[in-house]
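The next part holds the structures, each set out as structure tokens.
Look at the two complexes coming up: chain A is in both, with chain B in one and chain C in the other.
Presenting the complex of A and B:
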């Protein structure tokens, strides 16, 4: 069994997910009756929907940074994605909207690539410039294109259609060649079996009315892993981010690798932006990206520059996002969850003989649990910044376990050390 | 400094600006607007006295923001967190200012001191995390921005809210007149006609000027300023020369945050006298743009701040007259930033290769002279 655990990543992930569900349902039982939304099919569905743009931004960050280019312009590229996505969806239909949104983000990536790779501008400086330019462009274009249309204006577009969704056959009762299959998860979820029904509810939430765009986005995780770690092309990209001079001496065209990686990065961010406009809100609205590009950047670090890790981070942040929208009391119950998780971490630190960390974690946990006990509701400002706080904590306590690409963020000019 | 170097240094921003004007004109043309109409309209509106006053008012916070960012940039420290630092500082300074009753000068002094301390302390967090936890300041300041803005929202809604306000405005209590910064209208009107339309030139522009001078003196005439510049140019050489890199990081962040704390004060001391929902956000990010265009130089940042301030002040006429959408100015500013940083980089390369060529020629000549004397 232990051997199997080590070898099978998929199994490990499934067990971890199961653990999360168990903890959540325990917390939900403890926090009854104030909340019933901590673990439900609705929350699961909303979590996934909220996680997808962050995931795409995170993947974008990984592509760029694996090639050694820090892409702080993800935020601006997502803004371009929202505008071009909405415009494309309006003019040509939602699928074209996604494609044009991706192209818009990729154009932002191209700008960043020209500045950083061709001209050797500092990556942060160029990224900041993209972030300044993109919203200005979106606002200008809205004024020119959306104003005057019904429901449109300088800050928003008319409503756009989404690409549609599917219920997975057998698992959630979707149709298969015209035949209505049984709804396995939905049925199990309604049985009120301890834990099993909770697990089924979560699975039902993520397999029922699953957006095609979400499915596409999720498929980009294994695709990114495959390209970056299993193909010669990916090896060249990563080599450009780890040791560009060495890669160049082996005949890798480092400039081209960095260039394409940054453009792909922008395209992924644009996809994320288009997803927000087309799938999440059904409209382009100024400022709707709300720093998700930065959160995506955080998941890159959070996930140790690994796509699967970034996905985990995006789920966590999507969960916080979903809860705050659905049910404020659930956010309050989240404090209980954090307290319990902290106790778990403290126990682990204690077992590993790290007394001071264990003590610190215990104290933090006590504070959080006390906070839970004496309050009825959490300030509405807290949930939106959980990603930021979590990132800070991870950076503060787990820096030693993180390893970014060695030449990340460094200027590279061919023929110069 | 030779003429060649000066002209190279000036060529970059001028080229960037001309390029940006050209590109924005193309954008306007693409959407069927005559760019010449728009630019001439802006020029004629923008050269009126009232617009200049407005320019000064807008340039003052931008200049402070630019200097706050530039302090970090001069040692390759990216304080992206100016945004959060100044908003938090402005809120707390406005609240403290409203809570106390002091004689005029002291009152303003206290408000300034509070703002600078808050900004400094909040920036110090990022400095501490970088030095002691190895957290890159770009990431930590981005995250801390969100934390600061959430804290501001929470505090303004709860503890710092003016309970006596019956108009449902979400605002802090008003600062007493002893804490108002006098305007400079009288001074300006000595040289010009009377400023009409109730416009006031905020006196805080003088404080900004002093900050600029101090920044220049600090960088070029003091030991810590030298350490800061040296670390920015070559951290290894500086460390070998006895500069404590960790202390320099923390000191730079504290200083940058202190200046950042001032950004909101022109508005609060000069006009609003409270912190409310109408408080200007986003100056921290524009400050980054201003610092980039101004090459982190006190004079350059001033030119950039005035340029951005002027563009913002002159833009509204476009909407009034309907010649072009005013948003074209935002595009112009964005393009200026991007093309300016690219232009600086290009000029840098030209200069480096020129220096390399000169060095090669010089060493060749000295070699020849050596071989001549030996034979």
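Presenting the complex of A and C:
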């Protein structure tokens, strides 16, 4: 069993996910009856929907940074994605909207690539420029294109359609060739069996009315892993981010690797933006990206520059975001969850003989649990910032063993060492 | 297999000229390398060896001249063209990505694929075949990060062989190795030669060159001085060809014993990020007017020890005393003001602000003291005068004190750093690799200054990878291995070989029986 665990990454992930569900169920039981939404199919569905744009920004960050270019312009590229996505969806339909949104983000990536790779501009300077330019461009274009239309204006577009969704056959009762299959997860979730029903509820949430765009985004995780770690192109990209001079000495065209990686990065961010406009809100609205590009960058760090890790980070943010939107009392129950997780971390630190950090964690845990016990509800300012707070906390705890690509963020000029 | 003189030379360079702004790096250089020989190119730092090799490997283009490889004229515009002609290069600074595996580093740029996917099985098989046939054992799945210096060099050689190179250029391959590893490298090179490879070997350690090379070409000031067969010359003759006169040697006069301890390090321990000791209970005493040499393979705690003494790193255990005063918890500035001088190992990163003028650089570390400061304010004119004094006293060749540090040659930059530290008349000087990467003339000047300071009663802690320098200059020697001081030696009886075996820990048993 332990051997199998060591060899099978998929199995390890599934077990970890199961552990999370168990902890959530336990907390849910403890927090009844005030909270019922900590673990439910609705929360699961919403978590996934909220996580997708972050995931796409995170993947974008990974592509760029693996090639050694810091892409702080992800935010701006997502803004371009929202505008062009909405415009494309309005003119040609939602699928075209996604494609045009991706192209819009990629154009932002192209700008960043020309500045950083071709002209050797500092990555942060160029990224900030993209972040300033993108919203201004979007506003200008809205004034030109959306102002005259009904529901449109200088800050928003008319409503757009989404790409539609599917229920997975057999698992969630989707149609297969016109035959309505049984709804396995839905039925199990309604049985009220301890744990099993909770697991089924979560699975049902993520397999029922699953957006085609979400499915596409999720498929980009294995695709990115495959390209970056299994193909010559991916190896060359990673080598360009680790040791560009060495890669160049072996005939790798470092400029081309970095250039294409940054454009792909922009395309992914653009997809994320288009997803927000077309799938989440059904409209382009100014400022609707709300820092998700930066959160995506945080998930890159949290995930140690690995796509699966960034996915995990995006789920965490998505979960906190879904909770604060659906149910404020759930945020209160979240305190209980944090307290329990902290105790777990303290135990681990204790086992590893790190007494001072174990003590710190225990004290923090006690404070959080006391807060939970003496209050009925958290202050109204807290729920909206829960997702950001969660990201911040996790980054604080996760940054010790991280390793970014060795030449990340460094200006590379051919022939200069 | 003896060098083959009947076939045309495998590499023939004639009239190669390369100019950089202000200098002629190669001035009509000729080089002829016969098939299947080991050909050494020797010369001092700055003689143009590396430039010539970079031209041959297509990294920089020549301004003038002709290159023939296997009898056909070539003109490389990138290394990949040189690789296609069967020329490969092992760089002095390894071109390896630490966080990729050995396999990934080797196949990069020439990946075997199967339907667009990297064919790892085939790559691993090829690597293991190469390793077996040349005696270069490596695990393809190891991360380069975890390899020792000698192993990394083997990765570089395999990288070159994997691309089918027949001619291997090795740029100062022994500079990073201890004597035992050098022998292993030479063994590998002879193996390569016996299989018909040609090796061009750059070095300036003459006994090594005579031990391995068949033919030797000497460069001086960018010109070819001579090409000789290694059986026809002695070390002394080669040295004369290289510098045009006798080589300066590090040496020092006997020391008058002085019982005063200037710096005392008591059971100093420094922990790394993973809580493992990088410096492990080190005890050292440096006496007044003494140079204490620290030998060790890089990364065995010398750097961390220096940082701890200077106050850049905290000691987790142990104490430091300067002239009997407890300085363990003093901040860096207070230590510097109390008379601690520091010549850092990496002058570009730690020693200088490359884009600042010399007078600002001369101020660093003394920015709170006269004549650089007046109260809370910097004293510009005072700083300029003091800098001019350093430039004059330490023979820093520069157009003026407003010149950017970057514009100076390595030797002159180092003289400025040494001048800055010594002109403040510290009681204790920590000199980490003070002559690394500078030319022979500057090297002799640095040695002179250290000797002069020692005569005046300064205590010096000298960390160096140049074993000749350590043996020649130091009054006492200690060896650091895995963070501990593992041996103490008298330089008058120490040899580089003996030091080398202590540095690698190879002599642990031997040493036990001897002492």
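The rule we apply is simple: the second predicted complex is superposed on the first by the 397 of 417 C-alpha atoms of A that agree within 3 Å, B and C clash if a C-alpha of one lies under 4 Å from a C-alpha of the other, contacts with A are read in each partner's own complex, and residues count from 1 in each chain.
In the analysis below, a contact is a pair of C-beta atoms (placed from the backbone, for glycine too) under 8 Å apart; a residue touches a chain by one contact, two chains touch by 3 or more.
In this text, all values refer to a predicted model and were calculated from it rather than measured experimentally.
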Touched chain A residues, chain B compared with chain C
B
With both complexes superposed on chain A, which partner does A:406 reach: first (chain B), second (chain C), both or neither?
second
Per the contact definition in the header, classify A:236: touching chain B only (first), chain C only (second), both, or neither.
second
According to the stated criteria, A:396 is in contact with first (chain B), second (chain C), both, or neither; which is it?
first
Mind pulling up the chain C residues that touch chain A in the complex?
59-60, 78-80, 83, 89, 91, 94-100, 104-105, 107-111, 113, 116-118, 159
Applying the document's contact rule, which stretches of chain A touch chain C when the two form their complex?
230-232, 235-236, 238-239, 242-243, 245-252, 403, 405-406, 415
List of chain B residues in touch with chain A within their complex
27, 31, 78, 80, 129, 133-135, 138-140, 142-144, 146-147, 150-151, 153-154, 158, 285-286, 288-289, 292, 325, 327-328, 330-331, 333-335, 337-338, 341-342, 345-346, 349
Residue positions on chain A within touch of chain B in the complex are 70, 72, 111, 114-115, 119-122, 124-126, 128-137, 139-140, 143-144, 154, 291, 294, 297-298, 301, 379, 381-382, 384-385, 388-389, 391-392, 395-396, 399
